[in-house]
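Note sheet for the following structure.
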Amino acid sequence: MDRPSGDRPVQSSGNVTSQTRIARLKEVVIGRALLSDSFVLYLSVAYFVVLWVFLPRLGSARNLSNLSSNIWPLLVLVIGQMFVLIVGGIDLSQTSIMAITSVCGALMITSGLDPELFAANPLWGVFVGEQGGPAGGSVAAAPVGIAFMLAIGTLIGSANGLAVARLKMPPFMVTLVSMFFFSGLAICITRSENVRNLPDAFLAIGQNYLGRVPTARGSVGLVPYSFFAALALAVAAWFVLARTILGRWLYAVGMNRRAATVSGVPTDRVIVWAYAVSGFCAALGSVLYSSRLGAGRPTLGENVLLDIIGAAVIGGISLFGGKGKVRWAFYGVLFFVLLDSSLYMLNLKFYTVNIVKGVVILVAALLDVLRNRIRLGWAPTGRAVTA
Amino acid sequence: MSEPILQFEHVSKSFFGAMALTDITLAVRPGMVLGLVGENGAGKSTLMNILGGVIASDEGQIRLEGRPYSTGSPAEATRAGIAFIHQELNLFSHLSILDNLFIDGFPRIGRTPLIHRREAVRRAKEALAAVNLSISPRTRVDRLTPGQKQLVEIAKALHGGAQIIIFDEPTTSLTSRETERLFALIERLRREGRTILYISHVLADVLRLADEIAVLRDGKVVRTGPKAEFDINAMIAAMVGRQVDQLHPIRRGKPADKVLMSVAGVTEPGIVKDISFDLHEGEILGLFGLMGSGRTELGRILFGLDPFRSGTIDMCGQPRRRRTARRSIAAGMAFVTEDRREEGLLMEAPVTENMALVALPNCRRNRVPGTLDRLALRRSVDEMIASLKIKCVSPRTAAVKSLSGGNQQKTVIGKWLLGRPMVCILDEPTRGIDVGARYEVYSIINDLADRGNGLLCISSELEELMGICDSLLVMSKGRICGRFRRDEFDKERILAAAFEGHLERGPRGSSGASN
Amino acid sequence: MNMGKLLLIVALLGAFGVVVGGVSCSRRGSGEDQLTICFGFQDLETEFWVAGHKAITETLRAKGIRVLERNANQDANRQLEQIRDAIAQEVNGIIIIPQDGESAVTIVGEANRAGIPIAVFNRPPSDRSNPALVIVADNEKIADEAVAYMAKVAREKGKGRKWKPLIVVGDLGDRNAVARRKGFFNVMERNPDLFETPIEVPSKWDPATTLANLEAALQANPDVDFLFTSSDFLYPQIKAVLEPLGKWKKIDEPGHVILGGLDGDSTAYTLMKEGYVDATGVQDLFFEANTIMEALLTAIEVGQKTPENWMEDPGFALTQENMAERADEMWGYRVLHDE
Amino acid sequence: MGSLRQGTLTAVLRNVPILMFAGTFVVFGLLTPRFLEYQSLENIAKQASYIGIIAVGETVVLLTAGIDLSVGSNMYVSAVAAGLLMERFAISPLPALLVCLTVGLLFGLFNAFAVTRLHIIPFVVTLATQFAGRGLGWMLSKSRAVTFPQSVTGLGAAELLGIPAPVVIFAVVVLLAWVVLTRTTLGRQIYAVGHGLEAARKAGVDTRRVQATAYIICGVLASLGGFVSVAQLGNVNSGFGQMVEFQAIAAAVLGGASLFGGIGNVFPGTVLGALLIQMVWAGLVATRTDLYLQPLIAAAIIFLAVLLDSVRNTVLARLGRHNIRVEE
């Protein structure tokens, strides 16, 4: 009586005895690959290999270097989003946190502003001036700026978290409003201008590489610095989720908030934490993106939101809470970036790129559904299997 | 003797290769109440789910009035005249009774798709009258008491023209009064010639209602026969496969004098009023009351989940203000909630994860703040699983929702025990679990008391409390209306106390305890 | 194990592989030694960009050059990634319409490092630290000119009375929009006696937003009689708002609102010809496109890796006065007459 | 006595959306008296109508515990399809409208198919159709602006009994949706499905059909909203409909709809939500607020509305808890 109930009989898998042993072996291998939670990784690798056969350039040093420089900043954002998704929320404000931290940080550390562009700025003469921001020109500009950005991001994230946990507002609306507000604020405090003249140490984070490989057209960076930032964050995130009390609490809150409260989990605090982490990661992503583009920009990341959530969902992180691993976030990002890059490589029309991307997301989701069905062995009719 | 209305012929069903039902053959005559008993996991619900079209059988067939009947969906079962009243009522609580009654098809105005409201209300009133329920059909279901919800569900079945009605554990959330009403209704339905399949763990109820009884064990029918052939012990013997002498373990220990928790004058307007009692070391204190007497609410207030306006709650002599569940746990309290699914367990998580939840802060590694000593945690969880005899194939991976009710409940209890509490509040600790598991839960409670814990058992089953408690508090309308020591236990006096206030005032009540 | 579903999965994967393989195979067919140019643009929201996109791609293709189109959807980071991808494909040259001047600097730097000549169309890099071929139009100046003509008309017509001006502002995240707004306000400041405080209507470069906000603004200030739009592509919405209020009138009719815009598209030309619009700032789109393409192709031909040249599209204000002689310099006119 | 105060409090709380709406209106009115005129209300209703129509569809999907992120792309593709046919073959507005609705229907059908037959979660399905749809639209239009003839824009400016046509269409859609949701079996089943899919299935509801219908309704309404918008705008450029899904969801949620299904209503809920958002923007323009501050103030007002709503729900739930006891 405690069995899960579904209404379909399990299809008996044909006449098993008549199958040859090889066929069985195949079934096991395919079954393993399909059912493993690294499926998305296998899918990405398979996808890469198949395309590589036709497009040798896909595996060129320069392209690999591009891939790697595109993966890490996005991974940072997806990891942050994952924390919020695990507690059953959603953070739409990541993009605007990127924008606001980008301009605040840049205003802090810029070593010179064009008075013609910035004189109308509300902060002009108070906080910033012709000689740049408060920390402009100082030796410690880069670390100060980064710390400032991370602090702002975490603060905004915590504010979102407080609104969700304490004021019991729906996460979707809280973060949507926060998205409007902070992107508006970012534009407001810069009067639409991008902030330039950032210290070299800051720019190095997003632009420099460790090790270079010579190619026909100049050398190509091997490992971007952003990799180390993402790696450190991923390890820390993994540690928190898998090895700490907070990690267990995060999952518990996402699976059943009421049961968690009764069991003594400080639910409100855990939720605030999750949003704070998301804000922190958005700020870190902002550091990487801003330094890669060499300016603090009020419109940073305006269009990256759906990529973040798409990558998270493709990786297998549930929108309903309680499920998510750093590994999965990485697979999702890998798949997304690879897909994007390969579609450009195929040199399709820009509109075809969109269409193909949509179809591929659907196919990937469908594969996931089928996998789940096989794994469960029965079909819950009428219910969308959660990714 | 009439032809059987319903026959199961060699029905089998397996999940994940494990046989849930093996070769079930059973015949039911019209106008009869068949009592279906068995332990959790014996296959009762699986069998009924097949009949109700929720799942399909692997082999065998079902005949309805002699004709083969194959189940496709709950909707088809309804059309075939089979109604299934689930243990967890299948009602939409945000919708009205009207919506719930007609959700699979409203009466319409002519050929338009528009709902014929007047007609629907008229029919709904009829349907409700048939179950003696006089409430406006427009009332929202979440405003009803559990008993009323049950009646709505039955009204829905009858209104759908059901000839065969399956009741799965119908009395778990009913007060004794509501249970009586339900039984009278079932009796009437039987007289009208409808066939009833009645599943319950409350064997006394089965014995009282059923004409015939079928006992299931491990997916097989082990014994069938008319009621006269059974008594409670015979049923239990057939269910568990051996003789069971008693339902409750013998209570040996005696409460000590030391007070663990002292409650004085706790009041929250509209909920509870002027609650005072002491809980001693080694004491099992029962809290009995009818549904809505405030017993569960008191438990929640004591544990710090809900606020209260005045009064004090002392733990070990320390008064505590600004109470939260977290602080209560830190002070040595545990709270096994009434609702396992909503407040007790993370249904998607495995047993180990659930068990560890409360004890997490106790398993800190000192070197790195906030990190878990996973080894210590795993060891203590494993020990607890073993000591509570939780049966689960893979406690580390299988979601706890795949466990039987008894094992789920043991998981909840184990979770709290890992927190090493001094005071445990248990709200309906045996709801929806079978005889064998009940006995185990009682034993655990007993052991805890023997080890010096104080326990507060909240229950609506008086026999249960009389069987295990040292003393009893009786609540009615938010107040304590009676205190009984074990040597004073008397069913009638306790019930009289529980009905106090209900008997004096009219059904509408005055504004009650609201001021 | 559910073999049916498993097979379905394998089949799906297989089919997908075949499709991708097929597409890539067919694409590879085109010759390797063919000249390839990457054209990255930020979006195609307005007629101006559409016409520019069309002009550039068609001209290049007509010359037998392979064009890789990249739409960045207004995301500077995506544009950077796209250009890097193009560099990895070893294109011969790059033309970009950057999202903004700052990202242009970075993107140009990328191309410089890879030794691929790059041309920047219409939005200049914010400094000259990295060499590139650049063609720019000074949005502020063109807006200034157009509005100055409108102010002149106002002064003649008004006979000393004050006018109530309104500006439809573009997306404040877009630098061109900011420059046009600034040009407008320059004129306002020069003529304090002529104008009351201008009403600003945000459009976010979105017609629906424009329509809603303009309607609200005119409800609050029904006496607006001087209107400048930051882009010509919003004229249909402006007409939709003015017409029911009885303010959509030709120049010589009473109740005419002095109208002007910027871009120089075909709608603006038609409306000027019909006599509804007083002036429009024109960027010479075709001049810009041709100049930049030629400069880039020359650089590729002579093997320059990091050519540098800043070219200016002077632009001009097309007014009712100079329309007779200069209309054919307006790209909107030519788009209209080519079709 | 206490219950009287409680009664007032309950009444106030139940009507928070309306009070919020009225409050905002009055505040803006005090700042700009002209804002209080009938004409400005009419303008707000006119401008909110297309978003409102789409939000109604979105509400229906949200009620089933689903989500539709593809409405923006949907309205773009269907408008482009209709516009191109009018450009090329000079068909009249009515067939064009039919084409437009058909495209929307196909969109809805596809979403419905993927959600109910392929069992992919709605968020992913509609995210994918959002991408693909936008690409499809660009492919059709070559990303050029598509201009609609006077015969269509005439409809946008037309009036019926002194009420602008878009408002009339909006009202009709709301009325129909209200009738469907409250007065038909299907409507009640939509609520039931959102409340609990499995429970609905057990109660004999054809859950697939209900879910599918919701997505189809949403698809058709998205294209209808697109057409209404086009009739007012006169042309469709490549960014048409972007971010509309967020506006529609925001309108529905402001109107009290839950993203977890089963809770919400079209009237007055979603209608008020759509009008409130539009009014805030209109008010900011009318009061000539600094452009850079407008988004900040708008966000703050919407935040306040959401906050009030959640406070209301908490308080009502607590009052309800007490009431149950009193009734017994």
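For clarity, chains are labelled A, B, C and D in written order, and residue numbers in each chain start from 1.
Going forward, a contact is a pair of C-beta atoms (placed from the backbone, for glycine too) under 8 Å apart; a residue touches a chain by one contact, two chains touch by 3 or more.
Keep in mind the model is a prediction, meaning the values are calculated, not measured.
> Computing the C-alpha centre of each chain, which chain sits at the greatest distance from chain C?
Max centre-to-centre separation from chain C belongs to B.
> So which has more C-beta pairs touching, A-D or C-D?
Most contacts of the two pairs: A-D.
> Could you please state the distance in Å, as a whole number, between where the Cα atoms of chain C are centred and where those of chain D are centred?
Chain C and chain D have C-alpha centres separated by 32 Å.
> In whole angstrom, what separates the CA-based centres of chain A and chain D?
Taking the mean C-alpha position of each chain, the two centres sit 29 Å apart.
> With chain centres defined as C-alpha means, what is the inter-centre distance between chain B and chain D in Å?
Result: the chain centres lie 42 Å from each other.
> Mind pulling the chain C residues that touch 2 or more other chains?
172
> Can you tell me which residues of chain A touch two or more of the remaining chains?
If we look for residues of chain A contacting two or more partner chains, we find 10, 187, 191, 349-350, 353, 366, 373, 377.
> If I count partner chains per residue in chain B, which residues reach a count of at least 2?
Within chain B, residues 54, 73 contact more than one other chain.
> Please give the residue numbers of chain B that touch chain A in the complex, ascending.
Touching chain A from chain B are residues 14-16, 20, 40-46, 49, 53-58, 72-73, 303, 305, 325-326, 328-330, 335, 337, 342-349, 353, 356-358, 360-361, 363-364, 370-372, 374, 401-405, 415, 419.
> Within the complex, which stretch of chain A touches chain B?
Listed in rising order, the residues of chain A that touch chain B are 1-10, 239, 243-246, 248-249, 251-252, 255-256, 258-266, 322-323, 377-378.
> Can you tell me which positions in chain D touch chain C when the two form their complex?
Residues 32, 34-35, 37, 39-40, 43-44, 46-47, 50, 138, 142-145, 147, 153, 156-157, 229, 232-235, 237-240, 242, 278, 281-283, 285-288, 291-292, 294 of chain D touch chain C in their complex.
> Under the touch definition given earlier, write down the residues of chain A that touch chain D in their complex.
Touch residues, chain A against chain D: 163, 167-170, 172-174, 176-178, 180-181, 183-185, 187-188, 191, 306, 309-310, 313-314, 319, 349-359, 361-362, 365-366, 369, 373, 380-387.
> Contact residues on chain A for chain C in the complex?
My answer: residues 10-11, 13-14, 27, 30-31, 34, 43, 46-47, 50-51, 53-55, 57, 60, 62-63, 66, 69-70, 73, 187, 191-194, 196, 216-218, 289, 292-295, 297-304, 340-342, 344-350, 353, 360, 363, 366-367, 370-371, 373-374, 377.
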